[in-house]
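In what follows, a single structure is set out as structure tokens and then discussed.
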């Protein structure tokens, strides 16, 4: 074991360096390689990072072992920001998710991006994305987290606007970046405060015992600042608007953004700074509230979406809400657990959706699908698993993690039981809309356009689907109420914290039962409603206002456009006018004034020497008088 | 009876004022020039008188320097007058007002 | 007396200017390559200096030759942690800007001569420690720059050149008055000395310091420029040729921030402490206002110019945060901004050469045919926005966390500049480069050729090195900035806050857990 | 007593010459008036024991400079009679004003007695305006300014030659 720890200390930097090397290699040489090679190299880079991480993780698997830090080099020493890797259970879990799921997405992309003119460029971005996320999760100080944080934002910008010739894609990429920047604003303020009180950014000093430095108000303030950051990156209310638009990128990129990387960063940040949140009940409640509201709100919107990826996008937001509820209930392990399971099944869902879109000739409207299960059996059945997993049907992955969060929230009591209630409602809605999604796409009669020829995707794409489906089915076992393996594994990362544990005994069974019943009810209602055209139409008529509102996302984008962007643009316009008219006008006005004064004084310069002479003598006179007065 | 320096000063002042009047009222460049020379001479007179009165020979030395400067000035000034006359056919300064603003 | 390396550095720049000016007039293709080659010598010298530069606070490579003893004027030069980075980046930007001028066909010999003279003068500004020598160089910088704008600028060049000259000359005259007043006050009737070393820590009365601070401060504020004396900058940038813009943004503006630090803060510590609210407010206004105005600029070059105003605000904020991280951030941001904004101006210039327009609306979809150009623009934009890992972040972040301790409210407002920067640069990128090229001219636009890419190699390398390992600079800067803070603490009541003390929860709730 | 007589006579001569200078319509008369003033001043210098200066006054001023003046007057036309009517608006008023003011100021200063200082040298040890004394002072204490004046004269003569060589552009064109 000790050898493996040494291995981890010595070689863990490879986890970041390998994808980075893939990025550098493909960046300079990728475009000269034959098509699949760039993708293969990128996949290998990511995969080997996974292998290294897996081997390095072995000593920690049993739990109870503390993290090690590996310093690489100085960055900004005066603020305690070094390039330093923290290899502890939390970062191990994140790293394995990012590299593992990431590798499968890489592999899948080799098939999906086949024939794209910028094939190799896509893989450079993908590798860079993985690198950035790994920097984020492996960082041992807030500044380095922020480095990864911004870098994933940048990569998401590059990937979302990958097809930049489409104005929609370019716009979506920019929107993602800018909205994320609003969250970053919170992050920066949080970091500024951390530095102001701790004098360093290093986890070693900040997170060990923040209660010895911070007072109640500032603990809350820093918590809220980090919450704002998480709201931006993890697409919570009110900054979730970028995520649905992020669909404009290639579908596997969406999978990467939504499942393994990027959006989970916010949850990770809160979990990582658990020691600070632990000090402030207020901050935790704010987190839980944001999460619960987002989960519910996004689930409602997801019900009305007709875009195959749109449903998934809002479901991501909704599931992220669950994770935020988890960390907001101080059940940090539960939140991370859901992050992991969600990473697996959401990657699966997106890749499946990509497979469908791919085979349908870039058709994304679910109203033009249906009955694809027969044409695409592998995709269809893996999607069935994923749907049941996200719906929370036991014993699939989603059930365990979701139940853990809800149970913890209920167990925390008081206000959190209200949060729990919202969670249950969301769970029912989730089961419903995901079933609707599955039924519309894979069951029923074909509603394809005449020129569509759906077919099963190539093996390079279905292999990741199968692997992920297996994962989605079984990954829940790592943390069941009977054997809290994952929680135990993570515990060293949350040692000094009052972790909220799930309920035990009878109550646990009751809560699990309620959730299960809710999920089954949702699935059943969804299946029954959408499997039958008549009932479907009746339902859609009955709930038409809700559904059409949900389809438009309840006009939130328009509201922001009108109430936020437009006033901002007007202010900017006004500033520019002010600048050219008033500020510069004043300068030019002054210049004009001088010129005018010159013109006014021009006649004095008559050109007659004798006139000047008069002035000369008069001046001399004045001088002499002055001398006399001074008494020389 | 000796004449005190004050009288010399008065005489010099008179010459100086006359010189000013010449510069300001005459428009022949040569006469203006001579008026300036007159003013310089007035100043020279004060140097001499003061030097004598104070028993200091430096007053006379100062006159030498004024003289040299006056000579140099005359040389250049007259050259200018001649040059202008050759070009413009006049020594009337009122006609030379191109520098009017 | 041995000639020191600094005299050699400036001498080489002047010699290069002379050599270029003596090239035969009928060989117009010569000046640019010759100038480029010659301008590499100062890079080597400055690089050697940087290598040899020790990480300590004192003045290094100092040289002292009396010029006029009764007035205490001397060729008194040297570098410390504040000036060394600026000397280095100045020498690096000069060959880049000469290399970017291959399209100059009108009197190229004079053009290159002017750039080399500009280099000599700016180097002089950064190494001068005698106030008169500093002033002479500070003013002399105006001359070649005015010619660069006035001769090789675009349509409205005369207006811009005159505005630039008058505006900045006005400020420097105030400074000259300040210099004389300072030296007269300091010498108090004895033998005056214009040596900066003699003027540090005089303990002047506070009111005197405030007056002198204002005299110097206005000159530097115009140079930086701080709102509201910034309007010469957009005009100058828009009209200037590419090389002029690069050097203007990269080096000339830094003379302002450098001067604020070198003179205002160090010579008038009491006044500097007093002036913190004013200067910080101006800086923050500059950050937000510059960014807001930049968003809606229809002209790409003007947009970058306003972004400069915004970024320079960060530097000033960092200076007047008066904390270790703030000062470090300000100095390193000086360098970073020179690199990224210099590169952005280069790119705008290259776009202009291809399409002869600077209006954003005339572009669209350029990335399709010029992916390298687009990628470079995006890279430099991201560096400028302050994406971590690239250089812009280090300075901005250090400034923000440094200012957080002493100027929390200002910091919060300044941090919004981070959002706005993303908006204006990415929006500009979106409008210029993305989408389908719908205009005929944009469909045939050529990508960067080899020579152009070569210009960016040093800049990209610097962006990455300074983003990932800024310690190469920081370790040379920090001793000096620390010394400045010690000096402040020694001469005023000001105390650099260590960390802000709170009543920790741990103490309050001792019995709780 | 003799000094008083000399002062009155020479002073009157100087004033008369000066007035002639500025009032004569013809430049030649002006020059002659100037000449008179210079001679009168030389006389006054002698009475002030400034023998050498007086000699120089006659030789250089009256001899060289005035000759030069006369030469130029002849060169550019002796017959040029000046129109004395004033054409510049306000010039006459201004001129009279400042001249009067200057005169009044001088008179005031004279009356206020600031020139009536205690005479130091007279009677005890009169200054020696001889060539030796002057020369000794000039070449010892004042040697540097003296040398500089030589430079000035060279520059002046070079300038004069340059101006003389200058040809109107019209002539060049023809």
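As written, the chain order gives the labels A, B, C and D, with residue 1 at the start of each chain.
As a convention for this text, a contact is a pair of C-beta atoms (placed from the backbone, for glycine too) under 8 Å apart; a residue touches a chain by one contact, two chains touch by 3 or more.
Note that the structure is a prediction, hence the values are computed from the model and not measured.
Ranked by how close its mean Cα position lies to the mean of all protein Cα atoms, the top chain is C. Computed from the mean C-alpha positions, the centre of chain A lies at a distance of 91 Å from the centre of chain B. Taking the mean of the C-alpha atoms as each chain's centre, chain A and chain C sit 36 Å apart.
Distance between chain B and chain D, defined via averaged C-alpha coordinates, is recorded as 5 Å.
Here the CA centre of chain B is 57 Å from the CA centre of chain C.
Of all residues in chain C, none touches two or more other chains.
The multi-chain contact residues of chain A, meaning those touching 2 or more other chains, are 606, 608, 610, 613-614, 617. Shared contact sites, meaning residues of chain D that touch two or more other chains, fall at 88, 91, 94-95, 98-99, 102.
Interchain contacts (touch definition given at top) occur between A-B, A-C, A-D, B-D. The touching residues of chain D, when paired with chain A in their complex, are 88, 90-91, 94-95, 97-99, 101-102, 105, 109. On chain A, the positions that touch chain C within their shared complex are 73-79, 83, 143, 146-151, 153-154, 157, 161, 164-167, 169-171, 173-174, 177-178, 181-182, 184-185, 188-189, 191-193, 195-199, 201, 209, 211-216, 218-219, 279, 569, 571-573, 575-576, 579, 583-584, 586-587, 591.
Residue ranges on chain B touching chain A, taken from their complex, read 20, 23-25, 27, 32, 93-94, 96-101. Note for the complex: chain A touches chain D at residues 606, 608, 610-611, 613-614, 617-618, 621, 624-625, 628. Against chain B, in their complex, chain A makes its touches with residues 601-610, 613-614, 617.
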